[in-house]
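Below are two complexes that have subunit A in common, paired first with subunit B and then with subunit C.
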Partner chain A sequence: MSAFFSYLVGGVALGSGFALIGSGLVMVHCVTRVVNLSQGMYAVVAGLSAATFFGMGAPHGVAELAAIGVAAGVGFLTGLVAMAGRATTPQSSLIITFGLAIFAYAAESLLWGDQPRSFPGLPGAIEVADVRIQKQSLLVIASTAVIFAMLHLFLERTYVGKKLRACSSNPYAARVVGIDVKRMGLLAFGLGGFLGGVAGVLLGPLRPISFDSDLTLVIDGFAAAILGGLARPLMALLGGLLLGVAESMVAGYAKASYQTEVALVLMLAIMVGQRARLATIHAEAS
Partner chain B sequence: MNAILEVKDLVVRYDAATALDRVSLTVGRGEMVALIGPNGAGKSTLVDALSGIVRPASGHISVRGRFAHVPEGRQLFPDLTVDDNLLLGACRSGDRDPSWIYALLPDLAGIRRRRADSLSGGQQQMVAVGRALMARPEVLAIDELSLGLAPIVVAALSDRLASLHRTEGLAVLLIEQNARLALDLCSRAYVLEAGRIVSEGPSAQLARSAAVANAYLGGGVALGT
Partner chain C sequence: MTPPPARAQRGIRRRLLTRLHAAIAVVIVVTLALPAVLPASALSTYILLELTAIVTVGVSLLMGCAGQVSLGQGAFYACGAYTAALVALHGLPTPLGLVAAPVVAALLAVTIGVPVLTLRGHHLAFATLAMQLICLSLVGRMSSMGGDIGLQGIPRLSVASFELGEDRDYAYLAWGALALVVVATRNVIRSRPGRALRALASSEVAAESLGVPVGRYKLAVFALAGGFAGLAGGVYAFYMGYVAPASFPLLLSFEYIVMTVVGGLGTISGALVGPAVVTLVVQALNRIATLQGMPSYAPTVLSYAAYSALLVASILFLPDGLVGNKRVRRLLLRLEND
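Let's turn to the complex of A and B:
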């Protein structure tokens, strides 16, 4: 039983990271209709940057925040490139983000080499009813809860957040009232970079990050995000947690190398389920 | 004329199709002008060009004051509340206090926390007009004010607009398929057909012309009777 709880907490922590990456995908998709395939790259850039900043002697807090800042900047730059043309369609932008993710492989292996890197997180563990829980896992869970609460308040209560929701809700009307839709798109990409960056610095101490970690991260993030149809950040949180726990259980009770397959199967099942539901709704409507 | 809105020889093309072909019109300060015409004449394209949403191929648009636009089909933010819809209308003006809109359109005050997609067509049109007014416009373009609304709702909205025109000197460009309403409300009108202005003049004079009466007023019915 104690193994089960240990896997559960580990899974929730892992799923929190997926949820952060997934919510970044959701933010960008809602505002720009672009599926940002470079979303996993932000976590990699943040994780590797944090390792470098620690290597340079930066203290905890400073290194992580600086690394998140770098990821947010990279997110903003991705948006700048992906939406550069006036008539660039979301489909073209998707291909551009894919190209950027491939380009990032080269840039990252040039800057950081091809070996996985890790950095220290919160050391130690606590014991609750015979279950040993890493403090870093608790930090990941608590930080994710705070980030999602802040994201919710930002979108619901601030004027900029409402402008972002307006672009998501009706881009044409957003332009009619004078919202700079392109600027909001860039902000969404920056926010996506920030959320991916947070995931990177939180997960880095739990699992080493290398230049090619972005593929599994973006698959996991995407699987988390499609639970809400790439449209609702809070559903991405739920999706991420479900996926994290599922992967953790599979790794614990079966085989760790099946983790990505679990994400893919879950993603497929959700997409097939949603498609069937849509078909039913259409059939009933007609 | 002291025009607040001036369009000269405007041409808009969608690929090979010409949506607007050398369209010229003016709206004076504090004037109410109607633009009537059948479906597909290019009326909405003209308003989109005025808003900067559509790029003209050639021609000149001059807006000498704050401009706001009520688009066809209301185009609200469906999953946002009435309050938030109104607030977002203030992007250009920066004046985010909607209390004067609730005083002007009291029907909205009771539903300010409801989502826009849960409202009736008339309520949605009121929100659309209120949202545009939040920009504190000096000239307001309204695309199909009456479309799909009960006559009593149209009358109420028209009254509010006419009173804003009288008290605040709001200039209005009313784009309508309902020519009778447009000619009743506005002092001057343009007729747009297949992307071209085919006639223009004082509303009363246009309403008397056989071509306009036959095409848009159900055949020779005199205005205001």
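Let's turn to the complex of A and C:
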């Protein structure tokens, strides 16, 4: 039973990371209709830069915040490129973000080499009724809860957040009332970079990050976000937690690394299931 | 501008048609002559280029004509290669392997396509990506498929007592396969189903209401593109002599997308020009990267950068690809459709 609980906590921590990446995908998709395939790359950039900042002697907190800042900047830049064309459709923007993710491979292996890197998180573990729980896992869960609460307040209670929601519900009407839709799109990309960066900094101590980790991260994030149809950040949180727990249980009990397959099959099943409930005419309209 | 009189237009078209035929003849002669003169290292690039072009013609048909994104085309290439390898290694006649490769890949495409092709746009893109990852990791776990080490010692292709032993033979084999694929695609594009595919690319509802069997046609074109990739994979297996999961990384599927987009989606000429241009650029960069004094990571870094920069630049600045850039495209299309 104690094994079950430690798998559960580990899974929730892992799922929190997926949920952060997934909510980044949701933000960008809501505002710009682009599925950002470089979303996993932000987490990789943040994780690798955090490792570098630690190497330079930065204390905890400073290094993480600086790394998240770098990721948000990278997010903003990818948005700038992905929406640069005069008439880039969401489809071609998707291919562009795919290209940018590969371009990041070049930059990352130039800066950090091709070996996976890790950095220290919160050391030690606590014991609750003979279940050993890593402190870092608790930190991940707590930070994710705080971030999601802040995201909710930002979207519901601030003017900028309301502008973002206006763009996501109807870009044309948003433009009519004087909202700069393009700038909001860039902001959404920056926010996506921020959320991905938080995920990278939190997950870095739990699993080593290398330049090509972004693919599994973005697939896990997409699998989390697809549960809410890429439209609701809170559903991405739920999806991420489910996925994280499922992966952790499979890894724990099946004693084999089938985690990625679990995510992939779950994602395919959800997508096909959602599609079966939706008539083609609605799918084309949306 | 008043349109030129019909007779003059016919004259222009006839002259263009002769020029087009002449250009095609020149391309055929040059590509057939190349294997005889190329040095060994360039010859292997040439063969791999031909195999890539076989896949990209399928990708262009699938993405450009029918509007279905596939980020996992490498899975079908791998499927063809493994099929050919397994047939040959079990002592069956090797030509059977070459025939089975596209058939099995097309069957795999049908099996995957039935659930997955109901998806559209980015859902389909992610689903095909997932499909390739699942296929690769399954193959990596199955000991009958050689696991992560792969299959080695695949015999060379031999028909009756004639064995294709030289690299040059494989260049001609790949050329033949490419020609077959190009002719087949040209006929599909010009036919009634080809027009139906272009219709369903813009709106499935509209196409369906005009009587196009949308589901069946999407599945058929997915299977056809998968079969093309499988054929290329089959030739690859006999040419290389070994196959392993690591030979078919996700990056391979990415390269197919880059090449097709750079050449121009939806045209056969684009699907042939794209791989040629991209391969030449990457080869040139590779030569620079392996110069003395360059760091050891230079080749990989440069090729990542080259592929992604070409892709992004061509979507932003040449949305219709190299072939589609000029007015020539409209004429070419008209000629291809006549």
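Convention: the second predicted complex is superposed on the first by the 276 of 286 C-alpha atoms of A that agree within 3 Å, B and C clash if a C-alpha of one lies under 4 Å from a C-alpha of the other, contacts with A are read in each partner's own complex, and residues count from 1 in each chain.
Quick note on the criterion: a contact is a pair of C-beta atoms (placed from the backbone, for glycine too) under 8 Å apart; a residue touches a chain by one contact, two chains touch by 3 or more.
Predicted model only: the values in this text are computed from it and were never measured.
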### Message
Let me test your reading of the model: by the given contact rule, A:K162 touches which partner, first (subunit B), second (subunit C), both or neither?
### Response
first
### Message
So in the superposed three-chain picture, is A:V177 touching just subunit B, just subunit C, both, or none of them (first/second/both/neither)?
### Response
first
### Task
Give one of first, second, both or neither to describe whether A:A188 is in contact with subunit B, with subunit C, with both, or with none.
neither
### Task
Answer with first, second, both or neither: which of subunit B and subunit C does A:V81 touch in the superposed model?
second
### Query
In the superposed arrangement, does A:A43 touch subunit B (first), subunit C (second), both or neither?
neither
### Query
Does the superposition put A:F103 against subunit B (first), subunit C (second), both, or neither?
second
### Message
With both structures fitted on chain A, tell me whether subunit B or subunit C touches more of subunit A's residues.
### Response
C
### Query
So, A:I219: does it touch subunit B (first), subunit C (second), both, or neither?
second
### Query
If you stack the two complexes on chain A, which partner ends up touching A:D114: first (subunit B), second (subunit C), both, or neither?
second
### Summary
Interface with subunit B, subunit A side, in the complex: residues 159, 162-163, 165-166, 169-170, 172-179
#### Entry: Residues of subunit A that touch subunit C when the two form their complex
35, 81, 84-85, 87-88, 90-92, 94-96, 98-103, 105-106, 109-110, 113-114, 215, 219, 222, 226, 260-261, 264-265, 267-268, 271-272, 275-276, 280-281, 283-284
### Message
For the complex, give me every residue of subunit B touching subunit A.
### Response
51-53, 69, 71, 75-80, 84, 87-89, 91-92, 96, 131-132, 135
### Task
Report the residues of subunit C in contact with subunit A in the complex, numbered from low to high.
69, 71, 115-116, 118-123, 125-127, 129-131, 133-134, 137, 203-205, 208, 250-251, 254, 257-258, 261, 297, 300-302, 304-305, 307-309, 311-312, 315-316, 319
